[in-house]
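Look at the two complexes coming up: chain A is in both, with chain B in one and chain C in the other.
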Partner chain A sequence: MRPLWPLAVITFKEGIRNRALYGIFLLALLLFVANFLICGMIMQEVGKVAVDVALSAVSFSGLLLVLFVGINLLAKDLDRRTIYMVLARPISRRHYIWGKFLGMAMLIVTATAMLGGCALLSIGSVRWAFPSYFPRFAWSPVLLALMLITLMLVLLAGMSFLFASFATSSFVTLILTVVSYLIGHGVAAIKALVESPAAVGIEVSATTVRVVKAAYYLFPNLSLFDIKVQAAHNLPVSWTYLAGTVAYGLFYTALSVTLAGLVFSRREFP
Partner chain B sequence: MVSIQGISKTFREGLSSRKVQALQRLTLEIASGEVFGFLGPNGAGKSTSIKVLLNLIRPDDGKATILDRDVSDRRVRRQVGYLPENPYFYDYLNADELLWFGGRSSGMTADDLRHKTPALLERVGLLEARKRPLRTYSKGMVQRAGLALALIHDPAVVILDEPMSGLDPVGRKMVGDLILDLKHQGKTVFFSSHILNDIERFCDRIGIIAGGRLRLVGELDKVVPAGETLEGLFLRAIADDFGGLPS
Partner chain C sequence: MRRLLATLVLVAALAAGQVATLWWAAGARQDLPLPEDHSYVLPGPLLRVVAGEFRGLAADFCFLQGLTAYGKLLESAGPSQARDSDWQRVYRLLDAATDLDPYFFDPYYFGNAVLSRNPEMIPRINQLLEKGLEWRDWDWLLPFYLGFNHFYYLQDSGRASEYLMLGAQRPDAMPLLATLAARLAYQENRTENAIVFLRGILSRTEDERTRELYQVRLEALEKIHYLEQAVLVYRQHYGEMPGTLNVLQERGVISAIPEDPYGGTFYLDADGSVKSTSELTYAKGGTSNEIPAN
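Presenting the complex of A and B:
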């Protein structure tokens, strides 16, 4: 931990002061205000919509944070050669990756805590304005949903580090991360579909099934971290599910960052 | 103190993976307390040699050690200060935070840093600008911040890659005085440049590299014969690579 901490701290400071972050926060604030307006207009299932929109705003803003601030934190080090000043210290390449990741994870946790606070305010204000639409509402599922969104973003950041460890440009890292996000959110549903195509009256080739299964096992299943529906409807989420999902997220993150460190330790910086 | 033994390095360039031999069996020894000037034209292999010493590049062949430890051992760099050519730092950090990172990552205590940071920043003329983001610094200020970062942990070996690059005359004087200070403190300084005046002013020994091969090495007052200038010696040493001496 000792060689990681100073790098994690400066990575966090560099990230939190990045002007792109202000833009992301502004967008999130607009979404939270829009939440109040949307709920005022639809006047149906207001409680569920309020929770869903607020959590989606946190998730979307967090995704932008990982894609446009997080990836740059690593890519700029390589493009502008700031990595020289880090690796000229008694810091190995593997420590470098872990230190940067730790700083990025601190940034994600801080940003989602702030965004989450705004989301809670947004939900609270809608609830205050339209109390009759919140008969079964509880805060704890919303807090659990926020925690899982944070973990999903940390996992996505870990994957972006893995891609950055071998990609030659930040654009490639960005594309691979976006693709992982899209596959991660849709692959479980697609796998269920291609495994029982008769249920929906479609035909699927054996190759398609194999490709979808490969993607399912290769990419993390990010839909596991999405419990917005349960939070919006105050449906029970078992502790077994939560513990399993947290363990899955932590394992996948550690695996991605460890692999990134291994790949990175072979790189040279001419 | 600093030892490079038979280092060779080849890079592959472009889509055709054309091989470029950056270093060819380079051997150099720098003694403790020596200020060594590494001279060469652009693309001669100066920065590549320095990057090998910092383990940023791994040689194809040969071995490099600092303080008798292989340079691949990260602990060696606790005793090494490095100023890259054209340094870049994080945009949103300030000089205080930069030195905090440099000191803490090299094992300094928070107390040590509190005492040493203002003194060093004053020495490089950045005390008043210490709280300003580094992205607002001029090129010379960035260079001086880089020098402070290289020295914050009081390293035994200081490696400076073109330290005068981009500095105005005041900045050059400041950096020059710092190098002389390091010399008086008995530090080992490995310093690359193609500014011959600087080499003559600061160095005990010099090495001339061209085309990745060491052409000449020795004590400054011995390798430059009486009546000869360092410039003349330098041009003769690299003449093979440039098709003879310029008229």
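Presenting the complex of A and C:
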């Protein structure tokens, strides 16, 4: 842990100083203000819509953070060849990857905590304006949803590290991470779709079913981390489900970063 | 200084140009041909895939699009002349919103309030409400709406009674529900029961514009009930049916025949019941007081 900490702190500080962060926060702020306008158009379940918009804004801003700030934290070292300076130090490549990842995870946790705070403020103020339209509202599921969003973003950052470990440019890493995100959120629904195609009147070949099933186990199932609908309606979320999802997130992230370290330690630099 | 002035003039000219071209292009866009059936909305399972983790937000968006589609329907033709595809579009958007988030109450609430202005949409509304019934298993309002639709539009008091019984068992249900269910089981006092129903709905409806929709219906039913009572008095007094409603006025049973708030005219049907040429929708009568729902 000792050699990782300074690297994690440097990475965290580098991320905080990134100007893109201001843009992302500005966007989130606009979305939280938009919450008021959108909720004004809803007739009954204003609380549900307020939670939907606020949590989606956190998730979307966090996604931008991982894609445009996070990826650069590792890829910039590779693109600008500053990696040589780091590797000349007495630190293994695996430690380098884990140190960078820890810094990135700290950045994500800090950013989502701030965004989450704004989201709670936004929901609170809509509730203050329309108190009788929050029939089934509770804070605890919203906090749980925020926690799972954070974990999902950390997992995605882990995936981006895996891609960066072998990709030749940050753009390739970005594309691969976006694709993983899209597949990760759609794969469970697509699997359900191809397993019962009659629901939408489509025909699916056996090969497609096999490909989708393979993707289901290969790519992270990010939809597990999405309990926004449950939070919006204050529906019960079991502790078993939460524990399983958190464990799955930690396992998948550890797997991604370990693999990233393995690939990175064998990589040859020109 | 002169340079700054020139730049400011240029900026002002470009800004004015921007506004003018926006107005021009947006106007031209309105004339673009639309496909004949523009009511198509992607099926729910596909929308779920496309929406990803923003399913709840996509549901809100579909619902707001449904509101807009209904607004356009009112604006372009009014409920009496609107094409079937316009009604279908509103329904499909609300259906998509509830496919994305089946717990979302507003699409059921709005769909029930406005789509019923087209009697042909009743089976669709009931389909939508049935979906909500399954998911929102704590909500007594959806079985209440279904009960009303079966009783009033489909004239199926048996089913209506079943829905009301179901609603009465749900938490915080209006105490009236069980009584209504029992009354409906006898299949009598149709108008009176409908009035009790509507008063119940009104007591739980806060949105002003939706209240107006229900209030117009309640007013019409109260007038019909008044006329039915007059027919009953006439029969008891003269031992025969009055023939037309004008006879009631001529013989002094009533002072005047009330006006139908939907713009139609009340008449006495061959089976002895009081009806209106408007059929209590805006479909045949005038549309003097169109009420946009939102």
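Assume the second predicted complex is superposed on the first by the 264 of 270 C-alpha atoms of A that agree within 3 Å, B and C clash if a C-alpha of one lies under 4 Å from a C-alpha of the other, contacts with A are read in each partner's own complex, and residues count from 1 in each chain.
Note that contacts are C-beta pairs under 8 Å (C-beta built on N, C-alpha and C of every residue); 3 or more make two chains touch, one makes a residue touch a chain.
In this text the structure is predicted, and so the values were computed from the model without any measurement.
> For the overlaid complexes, name the partner, chain B or chain C, with more touching residues on chain A.
On the superposition, C touches more of the residues of chain A.
> Looking at the overlay, what does A:189 touch: chain B (first), chain C (second), both, or neither?
Second partner only, chain C.
> Scan A:88 for contacts with chain B and chain C and give back first, second, both or neither.
Once the two structures are laid over each other on A, A:88 reaches chain B alone.
> Of the two partner chains, chain B (first) and chain C (second), which one does A:49 touch, if any: first, second, both, or neither?
In the superposed model, A:49 contacts chain C only, not chain B.
> Looking at the overlay, does A:269 come into contact with chain B only (first), chain C only (second), both, or neither?
first
> Looking at A:236 after the superposition, I want to know if it touches chain B, chain C, both of them or none. Which is it: first, second, both, neither?
After superposition on chain A, A:236 lies in contact with neither partner.
> What is the contact status of A:5 with respect to chain B (first) and chain C (second): first, second, both, or neither?
A:5 sits against chain B, while chain C stays out of touch.
> Where on chain A do the contacts with chain B and the contacts with chain C coincide?
Chain A residues touching both partners: none found.
> Where on chain A is chain C touching in the complex?
Residues in contact with chain C: 38, 41-45, 48-49, 51-53, 55-56, 59-60, 132, 182, 185-186, 189-190, 192-193, 199-201, 222-223, 226, 228-229, 232-233, 235.
> So in the complex, the part of chain A that touches chain B is made up of which residues?
Residues 3, 5-7, 9-10, 13-14, 17-18, 80-82, 84-92, 95, 268-270.
> Show me the residue ranges of chain B that touch chain A in the complex, using the header's touch definition.
Residues of chain B touching chain A: 11, 48, 51, 54-58, 74-78, 80, 82, 84, 87-93, 97, 100-102, 104-107, 133, 146, 149.
> Give every residue of chain C touching chain A within the complex, in rising order.
The touching residues are 43, 45-46, 48-49, 52-57, 59-60, 63-64, 67, 101, 103-106, 109-110, 206-207, 210, 294.
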